[in-house]
Amino acid sequence: MTAASTAPTRTYSGVIPPVITPRTSEGEIDTASLERVVDHLIDGGVSGLFVLGSSGEVPYLTNDERELVMTTISARNNGRVPLLAGASEQTTNRVINEGLRMVELGADALVVTTPFYALSNAAEIEAHFRAVKKATGLDLFAYDVPVRTHAKLPLDVAIRLAEDGVIVGVKDSSGDDVACRRLLLATAHIEGFCVFTGHEVVVDGALLGGAHGVVPGLGNVDPAGYRRMFDAAAAGDWPAVRAEQDRLANLFEIAFTPDSNRVSGGASGLGSFKTALVLLGIIETNTMSVPMASLNEDESQAIAAILRQAGLL
Amino acid sequence: MTAASTAPTRTYSGVIPPVITPRTSEGEIDTASLERVVDHLIDGGVSGLFVLGSSGEVPYLTNDERELVMTTISARNNGRVPLLAGASEQTTNRVINEGLRMVELGADALVVTTPFYALSNAAEIEAHFRAVKKATGLDLFAYDVPVRTHAKLPLDVAIRLAEDGVIVGVKDSSGDDVACRRLLLATAHIEGFCVFTGHEVVVDGALLGGAHGVVPGLGNVDPAGYRRMFDAAAAGDWPAVRAEQDRLANLFEIAFTPDSNRVSGGASGLGSFKTALVLLGIIETNTMSVPMASLNEDESQAIAAILRQAGLL
Amino acid sequence: MTAASTAPTRTYSGVIPPVITPRTSEGEIDTASLERVVDHLIDGGVSGLFVLGSSGEVPYLTNDERELVMTTISARNNGRVPLLAGASEQTTNRVINEGLRMVELGADALVVTTPFYALSNAAEIEAHFRAVKKATGLDLFAYDVPVRTHAKLPLDVAIRLAEDGVIVGVKDSSGDDVACRRLLLATAHIEGFCVFTGHEVVVDGALLGGAHGVVPGLGNVDPAGYRRMFDAAAAGDWPAVRAEQDRLANLFEIAFTPDSNRVSGGASGLGSFKTALVLLGIIETNTMSVPMASLNEDESQAIAAILRQAGLL
Amino acid sequence: MTAASTAPTRTYSGVIPPVITPRTSEGEIDTASLERVVDHLIDGGVSGLFVLGSSGEVPYLTNDERELVMTTISARNNGRVPLLAGASEQTTNRVINEGLRMVELGADALVVTTPFYALSNAAEIEAHFRAVKKATGLDLFAYDVPVRTHAKLPLDVAIRLAEDGVIVGVKDSSGDDVACRRLLLATAHIEGFCVFTGHEVVVDGALLGGAHGVVPGLGNVDPAGYRRMFDAAAAGDWPAVRAEQDRLANLFEIAFTPDSNRVSGGASGLGSFKTALVLLGIIETNTMSVPMASLNEDESQAIAAILRQAGLL
């Protein structure tokens, strides 16, 4: 993969899961398990990998751990699919530094959020993306995740950034499906521009509405299911799309098995994905990054039951 | 129409727009215009009317005005389609009183939000709906509109209320499409239970996912468009569904024409619907309820241009 | 008391508690208990009563119940102290109707929130208060309670309304003590303009900063304590002010005794005030309005222990 | 200054401003100006410096810039006052690494927020602080700033951390003055435990209520004013405290001079402090970190007028 290009084509589409980060029971990055996850995903038919996203526990990884994850995935991938990497830092200059580091380590494109911890306005958000693009020259995806950054990417800013070639796409995890549809319509004329949905249980509707891809955390567990859904959409077989989505939506109930008093909202979904991958024999442990709680045996059994219902166990 | 029944079948489905409330330039309820709106909607193929919803400016109507709106619509409808009426009050006993009043005035079913101004928890929200059902015996729709009530209807509460026959459906204006899909799946086994979406620009995806109806504010302007989309979905013609939705999503841009410094978020969409109906010759003025600003001539011209693009003018 | 006057002097100051609404065990308004609450408060040295506020469970009262509460308090008060009454309705014209009704029933001034359920902007909020003032001619207090209305009274709007005589004061329950101080400084030149704090545990600081009064829910339980604090502040004895506030802040821990899974945030504080008044022999039951849970025996015992520590039992 | 001690006494109290970070017109850290700020603050009578806080634009500084700021301040301070340093990172292990780095560079204590970007619960927040304490052994202040982290430090967690010696204090920028008072009362028995307020316009009330210190961004502009207020409180001269606070509150209006459409909420206050320091001849430029807008000449003139009113120019 080469990085930035002046006229982005739709290099990026399809199923691009955010890769989870396995840990050993001692809490170290488990690179052997991570390599198996990479193979599991590519064997499942994904068309790209989103490295160091929220589902990869990126806010919890030290800089050394981020490097280890990036290099491990890059080596194992060995150019098979494009690697989109999160440059997860608070503001512009920190994002630039992190982004340049990720590209050196093998990233093909960067995924960048609005500033966080910062208290921004629309003008600053726009200046932020423009500065990152100018300093890196890389293909940029705007990652719209206000549940974490508490600053929605404004629609008019997104459209301007798209029209000016500052961003090649948006990963929409905003939950604002109205704004997402408006973005799809407003950018339909821009060749190669990508809108990805991050909401794994309503992908069918997003695809019907014209989304170009999906970044499903649940895709770590069942990449093939998402690939089938995507292929059915490409073939215009909408009943099959919906049936696959219903199956995956039922599978997604694993994310709601943990006790919400014990396990945080952040840890619940990710912990369930890890637990499922343990049950599927792909990773060794479901250990979470400090300070998140790992799922327990009761929760694991509940997840196993759902995996069996979904035909995965 | 009769009201409550012990075994609700899918009496309610399809396109059920929330009827806007026209006013004269002096600010009085304009019953003649309101009657024309009713005819316009029924002629457009709607299968029900949602009377005194947010789009009907219900929070702004005095009790006398609410009565006048309800009786005007009921008389003009004359039993042609079911009338779902909002019982828009802060908490349980006030809702009950308002609901009983609405039924006396012609409502077939009630649409009830979670308590507002109140600071509730899940247990209170559940008790609220159970008390309203017990006191009225009517078909109840839970209206999930946290942008206004600031209390999302919890999914587990909604499911229990559905299973126990307390509610016959949910009007989902929450914008939480993940929770909506989970509700659809969890209530699929309940005969006649209805899930309606309130988001007019992503109806295609909702229908693909199994939603039974739509309550589109924009349906005041183009009821026939929504009916065509619904019929195409029933026929399994998903490309036609999407094309119609894209056309309607473009039409919905009228809601974003007003100057957001002058016109509030609440007034912007409703004002644009009224302005469009003036341009279409169906109502006399686009006057809003106090203290909302009415749209001005510039905004009206911008809306006219969009109506022309959508083939309505 | 006469109602509106063209040049408001500081008619309103000191301790003006929001009167709770006792119910019988059957859930009816308990007027005998309510009369005892009125005497308890006036005997405790309050300088006014806030009738039908949030602490009076106003969102839960039917219109008939609101009338009964207002007339009961008005009759028992018999002109001893001014009565500020909440006109708790969603928007302008409903507020006007409710406000005029309250004045007919004995209110001396009205307490009016920003619109709720509605989605307003600053211009609408300003127009709202101006329209209520114009239609009623009464002394108006703006009640700034964004935790309930989800629309903070903008500071510049409050200042303009104060300067133009539209409002005679603000009851600040916003929790935004920075904005409150700015309001105090910006309105210091307006003769008779009142800023009341609604936060019962930081009244000492508010009085030091220049607040003219306090509307403490906890004042239902210990009106004399708040009166002592106010008098000490008037006398410049700030160590005594703080000591009294510390005692009252410790007493306020009754509001945090209920189980937050069972009892909502709204019901917890009010339920604890009612329970304390039962323990003090002033009202008959701690029954809450539907659908709120009433406190149980365990919670009552915890409250009794705190009352003993505070020297009230 | 030595760092951690097993039995913390009130090493930390008084006025501890968060030091702003001057930049040259080219956007580089201006160390000469920064040294003058340090002298200005210490000459003004501050009892500590909060290095790399939000007012220091810490989210916008690269790692190299953070090091340069820390070493510059540490060298210039030369042990005159304790240095509290922000370890501003998303989660636990990143905070630990940053904290250890800061101590190597001269910090005496660390200031740590709840995790951000992360989606935490109370248990994770508690585990976070315990892990940072265990790994660093340093004096920790919990920095409660939910407007930035979107996770309020829960009161019961703060109390447990205080009782167990995990934290030696809380810097409260939550704006929740009720919770702050409850924390003061609940920790009053813990020798040396510190509660600092971060809200510069209501320090008088906080001091009356027992707060041990203040971390005022505005203290960059007028450290001597805050010192006078603190000394007056220590002397029990509460009218003098309030008068000084009123003067400083009026001075704080500089933070509201910028055009809110152009300048973000984050940049407005900090930009006004920098502009004032330029006008006072202490720093060279009011340049902000990318992507924040710097204040313009009109805004500078408005600030100059306020400085003159406050007697500073």
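Going by the order they are written in, the chains are A, B, C and D; count residues from 1 in each one.
Throughout what follows, a contact is a pair of C-beta atoms (placed from the backbone, for glycine too) under 8 Å apart; a residue touches a chain by one contact, two chains touch by 3 or more.
None of these values were measured; they are calculated from a predicted model.
Novice: Applying the touch definition from the top, give me the chains sitting in contact with each of chain A and chain B.
Specialist: none
Novice: If you match contact pairs by residue number, which of A-B, C-D or B-C shares over half of them with A-D?
Specialist: Having compared contact pairs by residue number, the answer is B-C.
Novice: As a test of understanding: of all chains, whose mean C-alpha position lies farthest from that of chain B?
Specialist: Farthest chain from chain B, going by C-alpha centroids: D.
Novice: Whole-Å distance, chain B centre to chain C centre, using C-alpha means?
Specialist: It comes to 35 Å between the two C-alpha centres.
Novice: When the centre of a chain is set as the mean of its C-alpha atoms, what distance in Å lies between chain B and chain D?
Specialist: 49
Novice: Among the residues of chain A, pick out those that touch two or more other chains and give their numbers.
Specialist: none
Novice: Residues of chain D touching chain A in their complex?
Specialist: 54, 59-63, 65, 88, 90-94, 97, 115-121, 123-125, 127-128, 131, 147-150, 260-267, 289-293
Novice: What part of chain B is in contact with chain A in the complex they form?
Specialist: 175-178, 181-182, 185, 199, 201-202, 204-206, 208-210, 236, 238-239, 241-242, 245-246, 249-250, 253
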